[in-house]
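The next block holds one structure in the form of structure tokens; read it before the comments.
Labels A, B, C and D are assigned to the chains in the order they are written; within every chain, residues are numbered from 1.
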Amino acid sequence: MKDYFPNVEKIGFEGPDSDNPLAFRYYNPEELIGGKKAGEQLRFAVAYWHTFCGEGRDMFGEPFFERSWNRYADPYDRSIAKADAAFEFMSKLGVSYFCAHDRDLAPELDTLRQTNALMDRVIPHIQALMKETGIKLLWGTANLFSSPKYLHGAATSPDAKVFAYAAGQVKKALEVTLALGGEGYVFWGGREGYETLLNTDMKRELDHLAAFYRIILDYAREIRFEGQFLIEPKPKEPTKHQYDFDAAHSLAFLQRYGLEPYFKFNIEANHATLAGHTFQHELRYSRMVGKLGSVDANMGDLLLGWDTDHFPTNMYDTMLAMYEILLNGGLAPGGLNFDAHVRRGSYEKKDLFLSHIAAMDAFAIGLKAAKMMIEHPFLERGIQERYVSFDSGLGAEIEKGPVDIHSLESAIIDTPIPLPASGRQEWLENYLNRLLLSVVR
Amino acid sequence: MKDYFPNVEKIGFEGPDSDNPLAFRYYNPEELIGGKKAGEQLRFAVAYWHTFCGEGRDMFGEPFFERSWNRYADPYDRSIAKADAAFEFMSKLGVSYFCAHDRDLAPELDTLRQTNALMDRVIPHIQALMKETGIKLLWGTANLFSSPKYLHGAATSPDAKVFAYAAGQVKKALEVTLALGGEGYVFWGGREGYETLLNTDMKRELDHLAAFYRIILDYAREIRFEGQFLIEPKPKEPTKHQYDFDAAHSLAFLQRYGLEPYFKFNIEANHATLAGHTFQHELRYSRMVGKLGSVDANMGDLLLGWDTDHFPTNMYDTMLAMYEILLNGGLAPGGLNFDAHVRRGSYEKKDLFLSHIAAMDAFAIGLKAAKMMIEHPFLERGIQERYVSFDSGLGAEIEKGPVDIHSLESAIIDTPIPLPASGRQEWLENYLNRLLLSVVR
Amino acid sequence: MKDYFPNVEKIGFEGPDSDNPLAFRYYNPEELIGGKKAGEQLRFAVAYWHTFCGEGRDMFGEPFFERSWNRYADPYDRSIAKADAAFEFMSKLGVSYFCAHDRDLAPELDTLRQTNALMDRVIPHIQALMKETGIKLLWGTANLFSSPKYLHGAATSPDAKVFAYAAGQVKKALEVTLALGGEGYVFWGGREGYETLLNTDMKRELDHLAAFYRIILDYAREIRFEGQFLIEPKPKEPTKHQYDFDAAHSLAFLQRYGLEPYFKFNIEANHATLAGHTFQHELRYSRMVGKLGSVDANMGDLLLGWDTDHFPTNMYDTMLAMYEILLNGGLAPGGLNFDAHVRRGSYEKKDLFLSHIAAMDAFAIGLKAAKMMIEHPFLERGIQERYVSFDSGLGAEIEKGPVDIHSLESAIIDTPIPLPASGRQEWLENYLNRLLLSVVR
Amino acid sequence: MKDYFPNVEKIGFEGPDSDNPLAFRYYNPEELIGGKKAGEQLRFAVAYWHTFCGEGRDMFGEPFFERSWNRYADPYDRSIAKADAAFEFMSKLGVSYFCAHDRDLAPELDTLRQTNALMDRVIPHIQALMKETGIKLLWGTANLFSSPKYLHGAATSPDAKVFAYAAGQVKKALEVTLALGGEGYVFWGGREGYETLLNTDMKRELDHLAAFYRIILDYAREIRFEGQFLIEPKPKEPTKHQYDFDAAHSLAFLQRYGLEPYFKFNIEANHATLAGHTFQHELRYSRMVGKLGSVDANMGDLLLGWDTDHFPTNMYDTMLAMYEILLNGGLAPGGLNFDAHVRRGSYEKKDLFLSHIAAMDAFAIGLKAAKMMIEHPFLERGIQERYVSFDSGLGAEIEKGPVDIHSLESAIIDTPIPLPASGRQEWLENYLNRLLLSVVR
């Protein structure tokens, strides 16, 4: 293993009072929380693209991050060096999973055959690094948005050749995911949508998208890929309107095309807020419909209208996310993938560690607070009591159904209806603060 | 008929050069557009609540509109006066439909029985006015959001008594709609949602909502109400999150609960934009899934974050809306309901006419421009040509399916993919301007 | 004193582990923080309008809060009862200040003379309650937005009579503020702005606004009112565009008209976010220009586009706000006014206490965390070190000025510029979490 | 002149009925509008960066535009080729101005001296092209945001060396602007702001910014640059908060530092909307304070939260913009710079023409409609009549001032105030539609 991070040791847990920036203060993977190790509950994954491919470009600024593993001119050498850096980083950070696009692992060459051949040379090195470090692939995915050929979409391109190319590319990405033992496979359709309805046949495009999924599902059966398929909703950016706008849009699509049994969702915090929802909302909705599969753990800035993909440090968000995740029975075989990049101003290699530490500590705090939310009698019991009128009598009949409208009418037609009890929202918010501040006491 | 608008004659069509503010310049109901009368294609409806109940209140201001029909203390007298004013107004405006909540027609009294009894006294008067004027009810609906009992929702209230009351109220509203010959019935669930997930069992609430719909559908069959049921999506306001966030959310819900066959959507422009979509998007989506049933024609201000419900005067919006509506084969038995109120500063009775005229002229312009969009060879042909690669060969096989991934792969694995053609969006926008400016030439 | 809150005792501090909802867990007014009592640093004020006048109305819902002090038909009786309730509530809550509009204290009658006469009858009762309880008026203000006469603005109305009326109303409001010993007077120009530029002479309106302020300033001198004048910026709502959009807009206005010396700002959290800024930004900006005078402490929901005026419970916000306030040397003679209302669903009288407790605890936490931000060596020292290149050499010359461009050019023309150091934002966010979690250890 | 656009002739005016995509339908530079040539009133400028440097990159996509002038490896050759292409394009389009950053004309080399030397080699070629074509430089500017050295700002960088480098760079940019006869010089401070207040000394940064401007102003006097200095406000992107948030923020800054006499504003449509304002608002505000200097004519998408910089095709926007510009007495020596790029999907060279044609036609329509707005008696007279109460009597005294508050009070204290007249907003919107549709009749 090369020494790309020479001044960094393995990041250890040192507790809340440590002044060592390169240490966890709240995340102790061995700590038992509710009888289970924190490290096993917080299935953290590093996003290969942001952390090892990111170069600090923004819409008004040139790339400039000095990442010594990117200095190689030859694509094979660069891929190998990047992998070496990645596994060194992840080992030192103490994270057990990574996520990657096909093109993060090996770049695109002139033809798909050449591209695949390069990939075939890179994969054994990555397999060796995985074996050496014990780090696993949480999920694989294909980059169907960076290449110019996808300018009008991939599976929803108006051009059948592009559709075919995308299918061919996913075929290989699936093979690679299988070869690396990936526990899932994600579709994020960043260009599957439209810029203007004036040139778009939305129905035809969605028919194509469904056909695309069917082709991939068939191939997964063929090669016995048994990982979880995940759709990652996002409302916009880069595309004006993205078909997988949010979890409900994706669900409606899957239901319409009979594809519901085969997919879960990969919910991203910043995508939720761009769609006008809280992170918790998208998690709750997905959980409710049995589709909460995995999470892209990051953070947006609600005063900015684009996908900032910041590292998640807001404790309210991590607490409420972990609350939904715990009530989901965890995320396995999914996990918490840090689809997040350092700010452009945090360009030093050290910032890569500091950012992940900040996020991992925030999620460890969130896990502890969420466990209290569930165990503390107020919250869950409060919800049960709120709906108690549906546990017996008329309410129970309504839930059991069918119930006759005449009996409902006669129950209320001569009676003034007393007000339902206060929702106590301010008190609940106060209570969350109290739980958070109890985390380290 | 009383004379609530003494200085206004029947509004006539006077053509583009008329300086008479109380005349149509573009809307001529008798004009043949594409062989069909404009008045029959633009099934305008006046919204009873905004135009006859609105009093100029806003969140920081007191009500003050002088509407002489509201001066009666007795609820029956007030309801009758309001109806008289409404039918005088609609007759003079030349609109053939109206839409109304139950509580617009007659107010709530102490018990539902008393409320219904008052309604039973009012209805014959309205029937007589309808007969006299020929004005019809486009759709009816129940106000399940103003009364305090609905503070935590109606069908999704945590209180079973509130659920029962809501069912009883809708039962009567449906009977009234039937009695008035309403062509549809709308559900807008303004309080069906949550303020905070901390006290909300989302799954249980949605189960209740589905049960509620089943009960109403059963009753509709019982009384042989054969009008169209419509759900009106809105993402938020008054509720933090409304379950019928947008058309896709509503569709996902209907599919999950097996209710899809029984509902279409009533799409509102301002609700679309609050959900992060264009008006056209929601119309297109609904049309695509066979659910475009009716339209609440208004306009929001995208720099304001609330439901402004302005009268629709933006010609781009009316053109693109009418484009979708024409491609939908029209809206009947639905229509274009002006769910819009005059600005608070436009408080004079005359403004009620001026606002409707502005909106009706804008939609007449939109109809003419949309007809040109469809008939002009550029647009539709352009879309067909854009997807031509799916009309034969590999593309046609993909559409027919199933297609083998290996054949797709072999088609592209050794071939560089040429770029799909330009989307020509700026040219298309230019073309829309040209069509608009051709409307009156 | 009447007993409007019979089941509530004086709210006491019981510490973090108390399960008593009617107790402070973090706010102990007697606790010394940095050598100064918490109660003196957190100059909390109750907003008379939200807490004692609010009735639970929203844009889609009727008022329904049962506030027994509002049951009186006679305006004098109602005003007296409201005052009794208010001072009982504030005494039990343990808050030393209140803020009020003129119309909160006594309603408007047919003419200003009658209105003023009623006010003159009410004031002695309020003075007596103030004396009895020791509770003081933080600031007074006039309601220049609810009455229909102000539909197009007050000082910026196109109607000179409305301008005159507004001046007359403020004259009395100032006299009342003086009579009650108010420490400040606030202008919130909710209707000072425009709905459309198509009918608006912006320059003339702003000239009028400046004239208005000059008239009031003259009168303040005449009656020897020496309290602080404050402008409260808000970008919109109810008006489409409000002239006092944010602190910078207000400053530009004051500078242009030579009014800068006479005003500070009253910064509201929810107004800041509606303007696209963080709460901290508006506090920082105001502090930087010497204008941070007082604070309306509330909280918005960034996914909702209107002024939600929620009680502030977000600890990040309270920490960063108190950081700015401490660096401002406190707010006196201003304070922290809870311009916040309970959610409509939190309609019980008990919720009024629970909400204020939640907010006061959150600000007590914020005060403690902010004190640590300042005292802990990392943050302030980090900022100083970041700009160290301006402390000597070329940087110091630039700051001293004037500096010649040729010397600047020669310093860099042949030298590659090394990158400035990382901004370490993720680490700083992590550090804030650590401080927050240290508050109660 | 090379032939970079071989299939395009000079774009001519062919009138509304032409089907030739490469022709103007509404923009006829020779047409007299209000006695003045359209071409002279619409001082169009092409933005060098978007049109000749843009390569189709977005945050999720690689660059791919085939622009043959960018194929040269040598920086000098590339600069010359780009200039050749630019002047061919502008000549064929028929635009008389261009705008450019220093780095658009010649790229940055290792040191500023080398960079300047390359610029010195390129400038004579550009001067020759300008002479040959008659095309002039509307304004010059320096790119102080792309280079990594500016990652924390240029004039507001915490690093004095960066400040010095920025000054040196602007020095040269000013010399180049002078050499090219530029009529103005623009400052857009894309990185002058902050990412987080936790590491930012806002006051010190703004002091530096003022010092920077003073240094540049001194140098302009030294070299006798007499062009107009312009500040271009933008609220955010790339920076979280940009100090020149909007026109009012910039004005407050200029006033605080005594810099007001030396600057006007360059108002950009998309920046206005990102700040929460309409384009017209920012134009009106700037006009009102005597600071409307030039315009970046583009268009955003209000449902997208980033700077889309689309070509402006919305006729409402162009009409209202031209209304403000005409009332400003035009923009000269400023103009209408198309700070706009083709959508990524509009990647063909032909789209560069189609986009500019769409925008130029839209502004020609806007000019004609705006002229009607001013000449038509309704609008301007309506505004004057709205404020008529300030033309005499009490209103005139208020405007003249000082006026005594007692006389104002006595004028209204016993009189009920009649409501001011309706604002007639819906009627005004209707009227705008009528004007637009009259443009080509």
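Structure notes:
One rule holds in what follows: a contact is a pair of C-beta atoms (placed from the backbone, for glycine too) under 8 Å apart; a residue touches a chain by one contact, two chains touch by 3 or more.
None of the values given here were measured: they were computed from a predicted structure.
Note on interfaces B-C and C-D: more C-beta pairs are in contact across C-D. Per-chain CA centroids place chain B at a distance of 40 Å from chain C.
The distance from the centre of chain C to the centre of chain D, each centre being the mean of the chain's C-alpha atoms, comes to 36 Å. Residues of chain C in contact with at least two other chains: 64, 148, 151-152, 195, 236, 276-278, 303, 343, 345, 347, 419, 423-425, 429, 432.
If you sketch which chains touch which, every chain touches every other chain without exception. Residue ranges of chain D in contact with chain A, taken from their complex: 56, 58-62, 64, 145-148, 150-152, 190-191, 195, 236-238, 240, 274, 301, 303-307, 343-345, 347. Looking at the complex, you find that chain B touches chain A at residues 110-113, 116, 148-149, 151-152, 157-165, 167-168, 171, 195-204, 206-208, 211, 214-216, 218-219, 235-236, 241, 245, 248-249, 251-253, 255-256, 275-278, 280-281, 284-285, 288-289, 320, 379, 382-383, 386-387, 389-390, 393-395, 398-399, 401-405, 408-409, 411-420, 423-425, 428-429, 432.
Residue ranges on chain D touching chain B, taken from their complex, read 16, 21, 25-26, 64, 273, 276-278, 302-303, 310-311, 313-316, 342-343, 345-348, 350-351, 354-355, 357-359, 361-362, 365, 419, 421-427, 429-430, 432-434, 436-441.
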